[in-house]
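Chain lettering (A, B, C and D) follows the sequence in which the chains are written, and residue indices restart at 1 in each chain.
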Amino acid sequence: MQLKNIFTEGAITANFIADSIAKHATKTEIGGHNIFLGQVRADQIEDKLVVAIDYTSHVDMALEKMHEIREAIFTKYPLTCMHIHHSLGIVKAGEICLFVFTSSKHRKAAIDACTECVESIKAELPIWGKEIFEGEGYQWKENK
Amino acid sequence: MQLKNIFTEGAITANFIADSIAKHATKTEIGGHNIFLGQVRADQIEDKLVVAIDYTSHVDMALEKMHEIREAIFTKYPLTCMHIHHSLGIVKAGEICLFVFTSSKHRKAAIDACTECVESIKAELPIWGKEIFEGEGYQWKENK
Amino acid sequence: MKIEINFYGQLTDKTGCSSFLMDNPGTIADFKKLVIEQYPNLSNAKFTIALNNKIALDNEVIPENAKLALMPPFSGG
Amino acid sequence: MKIEINFYGQLTDKTGCSSFLMDNPGTIADFKKLVIEQYPNLSNAKFTIALNNKIALDNEVIPENAKLALMPPFSGG
């Protein structure tokens, strides 16, 4: 089985998101879309400023796990479609690193599925973020 | 006081949404954005097909009410920003008629505020949709 | 001073009118009675009344230069 | 047959290594003991082990040609 790729090298651009939205104009059974975007924060950690996050993943495992999450969410919610994109490599502060996009006939399914998908991605996908400090140094990101 | 306008003539375009997302790249305290998009469905009603919705509003009252909703949501959630756009006039099936965009440091506030805002817009803003049928005829939309 | 009345949404189908002026009838309850007399199709319509952009209660007194709106259930979004 | 081991995230800082081969040690528990002997910095590290892309339990037997992954807590998104 060919697993759907979710990884993009570098940041996810606003134009990519716009194209993705525009593609749904032909799906006239959709009444509501929900989109979550993760953006890299310029956190201040003691006297250091985060200027980027460098993402790595255990890619094969992440894609298998994402496939399971997707199947479970499609079983649970009446969705028309769901698209997931996550960055690998360097994403600068202010840039988008995660794009989750769900669509359904009525809004509730799209909203609930999107939120559940974001939580699952953060908790279950083997992805790691290295917060790169201005100048030099880094620390490994921790999800709350 | 000058109330913020939320109304756009006709559909909200994917490019408009992209521009709105891109403008937040300088706000590097944001960690999560949530976006809800309402799209006009081509519902089949008995033997009639909805091809567009024609939106009208009691505009002054809608803007006052939206201001109240906005203030209440900003008091309740630690948001960085919130943007709301609703169409007036004709929006064709497949086009976007509602765009709600919330941003916050941590994702939960953005997600919860966006959902609450969408519910309030649907329940409390004096806006009416006339579902235009293919050929001729129409019916007034009802929110569930 | 006349007060201004606006109909919205499907109410305009029932009244065939979007806006008119009338003498101040006193309270919202008085107004409701008069407007239904003038537009009998409204008697079985669901609507709320806004007085100067706020939802109004039956016992409210209509001030001078008021704007009233008859609004069917909202269906935005 | 050797099995392949990969380290991820901050574990690579602790081991100075991202990948190596070893003889099949038997179970996941056996493997854990050996890998900590070889990389003592891992003894106080939080990690889970994936066996052929699935989270593995201590009593699982490692099959031929297995791929093992040592993974610190996830921090995607």
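Simple rule for what comes next: contacts are C-beta pairs under 8 Å (C-beta built on N, C-alpha and C of every residue); 3 or more make two chains touch, one makes a residue touch a chain.
Keep in mind the model is a prediction, meaning the values are calculated, not measured.
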{"item": "Identity of the chain that, by mean CA position, is farthest from chain A", "value": "C"}
{"item": "Where chain C and chain D are represented by their mean Cα positions, the distance between them in whole Å", "value": "73"}
{"item": "Distance between chain centroids, defined by C-alpha means - chain A, chain D (Å)", "value": "27"}
{"item": "Centre-of-Cα separation between chain C and chain A, whole angstrom", "value": "49"}
{"item": "Touching two or more other chains - residue numbers and ranges from chain A", "value": "38, 118"}
{"item": "Interchain contacts, given as pairs of chains that touch", "value": "A-B, A-D, B-C"}
{"item": "Partner chain A, residues of chain B touching it in the complex", "value": "14-15, 17-19, 21-22, 24-42, 93-96, 103, 105-107, 111, 115, 118, 144"}
{"item": "Touch list for chain A against partner chain D, complex", "value": "38, 55-58, 60-61, 64-65, 86, 97-98, 118, 121-130, 140-143"}
{"item": "Parts of chain D lying in touch with chain A, wherever the complex brings them together", "value": "6, 8-10, 13, 50, 53-54, 69, 71-77"}
